[in-house]
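Same chain, two partners: chain A is paired with chain B first, then with chain C.
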Partner chain A sequence: MSQNQSVWTSIRFWRQSAAWVTGFAVILLILLTFDTIGQITMGTDADLKNGITKRVPAPTVINYHIDYKYDQKRGHEVPVIGKKEPFFGKEWSPKEAKELLHLGKLTSQAKNCMNCHTLLGNGAYYAPDLTKAWIDPKWKDMIAMTGSKTKEEAMVKFLMDPSNNATHGRRMPNLKITKDEAMGLVAFLKHMSSIDTNGFPRGFSKGVEEFKAGGTYAH
Partner chain B sequence: MLFEKFTDVVPSFWGWLNQGPLTLTIFLHTIIILPMIWLYFKEKKRLNGK
Partner chain C sequence: MLTSIKNNNFKYESQKLGMMYFRVAIVLFGAQLLMGLIAAIQFLVPGFLFEVFDFSVARMVHINALVVWMLFAMIGSVYYMLPDETGIETVGIKLGKLAFWVLTAAIVVVVLVYIFIQIGPGKESTIWLINEGREYLEAPRWADIGIVVVILIFYYNVFFTFIKGRKTGIMTVMVANLLALAGLYLAGMFFTDNISIDQYWWWWVIHLWVEATWEVFVGTLAAYALVKIIGAKREIVEMWLWIEVLMLFGSGILGLGHHYFWIGTPEYWWEIGALFSSLEPVPLVAMFVHVLYDWGKEQGESGSKPAITNTPAMAWIVTNAFGNFLGAGIWGFFHTLPQVNIYTHGTQFTAAHGHLAFFGAYATILIGMMYLGIQGSVGAKRMKATFKSKMAIFLITFGVLGMTVALTIAGYEQVLIERAELGGGWDAFFTAQNLPWYVQAQVWRTIMGVVTFIGFVYLVWDLLTIGKQAQAEN
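And now, the complex of A and B:
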């Protein structure tokens, strides 16, 4: 009788299989979590000075020129941390940069930027994606519009009075952002633009010709 | 492309695993199905031996 008994109807077999799959998945997910933590851990100021590439650079990346270059091997643009450039006219120490970035992050949360914008893939697409906002060539127009000398200055002026500096029909409302908060936001956005997001969002900031040439808009 | 080139910033086994759909599929099927085959024959032996 037992010679013809099917294994497929055996509860024991399925129980053991389920236990194996569940157990293995748990272990795999734990290991993948640790791998992810390693990849997204913020770099240090020393990494920047020594030219060590990190997916998420240290806050002091705001002291550097941020550019992008098309990488043939990876098939998308990758961040290039260039030479030092003053940010709001000075070089920020690691402590100052961290505090400024923190203020920017808190402001972005308090003012609910994600209600309209997208940050690193989270948020809405009513307003422009802010993931790479710092390298958006359109800020050049804002420099002229606000009579500013630098991009960061123009961004601060825009953020403090967006509805009167609108470049689009969908006007950003005035969120009563203070000057310090606006500076924090600009630092937050500059840092975000330096994060290696595997080419997300696709083809940001570039025209087709620039993209083909592998160059950038930047100076 | 069946097999995609490894293009991650930090080369690692886990990065390789997540590169394309095929590498992950082959890996998961190997790791899940092979022990199940063993479980199947173990169970068959047990049932038929009763």
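And now, the complex of A and C:
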């Protein structure tokens, strides 16, 4: 660098600055990644039994009632894992639950769910977001429509024959999902609804009842 | 462009190889647009090709063709500029050509499987052979591995040509950036039952590509093109390039945090993502200013004779400077803060941003590089825009802007009615989708998609004919 040249027009200065800034950003990202991966690794069955909250619970969370409620302190809804409830009429062992979730996640990719739906808000925008699909109030109607006893049974019937159980002109195609795969998918969806998503989606389905009743202003 | 490979005006085989990549890229670009039209129609007429060629298939091929045509055009651009910058022939050109054919054949097989087999049973074999079912990274695992091998060959060529030849600042950035770009692909090549971890690493590939390494790549191409087209001073261009690298990586790497607001990851990403992604538009403004400043300066200094040696390429590069800032910068900033994003996340708002950003930041400059390639192939000192060049750039830009505006309106409606008013979920979703405001926006999106496609036809026509015309004029 000649004596008259300002540092602001020196290629060397900018090259070194670029290297330092990039290096710093990469190191920070790697450190944060270690922390985040630790926090989003699945919990254990023991955590669930002891009431220890994990951002992503163990697969056996499918044995529990899952709700999504407003948390005063955090200022948004959080998943609430409640009492035990049968899932497909039984309690699933850690091994069985893990296998079922594995089948479900694999099926969700094999059937390309993400190119119509969004999962955790990511994917395509042609069909509803599935983040909290398990607790969607719509399943009440679907239980009646499919003549099922439980929500999980209704979901399986829907997934195996979606085009004949459609609610709108925009139907889900028949993806030749087997009964086992459908059960896996339901477990995958139930598990996903138990993930702490920092309050996404906000105010889940809060206006739907009012809307269906024709709005509060109507009566 | 068809005859560009047979022409003897290229001093280097590497540039011929670049043109081979461009040709495949433009075909895939056409496929992308056709698939987009099918998907757009399906929003309006849900029975269209139902259970034959469903939305999920059209949309998968739409976004995959997009990513692949851009990668092809990027590789093509590198092979094209490599001998110019290093002053020597690419070291492993035979291997490079073989890799081209392997990659092209693999892509054809992948697309045919997407179109005809579409989906498979819930088994590992589906992920290995049919599709991986992860947005943008649907390519089955066998193809992933093939892509890695081909990219290794490509990188070997770039790296060793760089080492052997002249070492310019532009190539230094290119070589370092390509290593990061190629390496990141590996983050998307594994399966996990944990959807949060799945999406965590998935975003490493997608975000660190399109909001960091691809942007630096564009900065590098723009630097090369400015030197080539308007004879910009290399010292100035290279200094700007380093400033761009500083700002793009400084904001873009941790800007990754704006994808970690709602996927199960901790709250601290709200602040990190908001802060750094808000800074992401800054380098895009800088790039815009830089291109226009250099253009004005060279134009002023050249006196009476025109400074631009390739007007269609320059037009696309200026469109890139503006489109990158508008599509990636402004439309990205619109919904990057978590306080807004909690409502906009997963709506047509994202699609609006995606359309303008991919077009503005990447499609534009890659098309510009194709025009540069054609000029080189016919050995013309100057290449002037034809009527077809002008129609192409006008219709494509107008069409994409129109689609973006329409999708933004659809997004607003969805954000306010589906999310804010009804709170999301099945009924909220369909209520918002069926309102006239939304449907109207989708109609306009489809019309603007057709406009874009007509522009594409002009573009192909121009690319096929402009070379001969320029040759005749010179």
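In this section, the second predicted complex is superposed on the first by the 185 of 219 C-alpha atoms of A that agree within 3 Å, B and C clash if a C-alpha of one lies under 4 Å from a C-alpha of the other, contacts with A are read in each partner's own complex, and residues count from 1 in each chain.
Simple rule for what comes next: a contact is a pair of C-beta atoms (placed from the backbone, for glycine too) under 8 Å apart; a residue touches a chain by one contact, two chains touch by 3 or more.
Remember, predicted model here, so these are calculated numbers, not experimental data.
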item	value
Comparison of chain B and chain C by chain A residues contacted	C
Contacts of A:I27 with chain B and chain C, given as first, second, both or neither	neither
Chain B versus chain C as contact partner of A:D196, first or second or both or neither	both
First, second, both or neither for A:S17, with chain B first and chain C second	both
First, second, both or neither for A:K132, with chain B first and chain C second	second
First, second, both or neither for A:L106, with chain B first and chain C second	second
A:G75 touches, of chain B and chain C: first, second, both or neither?	first
Touched partner set for A:R55, first chain B, second chain C, both or neither	both
Touching partner for A:S163 - first (chain B), second (chain C), both, neither	second
Partner chain in contact with A:R171 - chain B first, chain C second, else both or neither	second
Interface residues of chain A shared between complexes with chain B and chain C	10, 17, 21, 32, 35, 39, 55, 196
Of chain C, residues touching chain A in the complex	39, 42-43, 46-47, 50-51, 54-57, 59-60, 118-124, 126-127, 130-135, 138, 169, 191-200, 202, 235, 238-239, 242-243, 245-246, 249-250, 253-254, 256, 259-270, 272, 342-343, 345-348, 350-351, 414, 419-431, 433-434
Chain B - residues contacting chain A, complex	5, 7, 9-10, 12, 14-15, 31-32, 35-36, 39-40, 43-44, 46-50
Chain A residues within the chain B interface of the complex	2-3, 5, 7, 10, 12-13, 16-17, 20-21, 24, 31-32, 35, 38-39, 53, 55, 73-75, 196
Chain A residues within the chain C interface of the complex	9-11, 14-15, 17-18, 21-22, 25-26, 28-29, 32-33, 35-37, 39-42, 55-56, 59, 98, 101-116, 118-129, 131-133, 136-138, 163, 167-171, 173-178, 181, 184, 188, 192, 195-208, 211-212
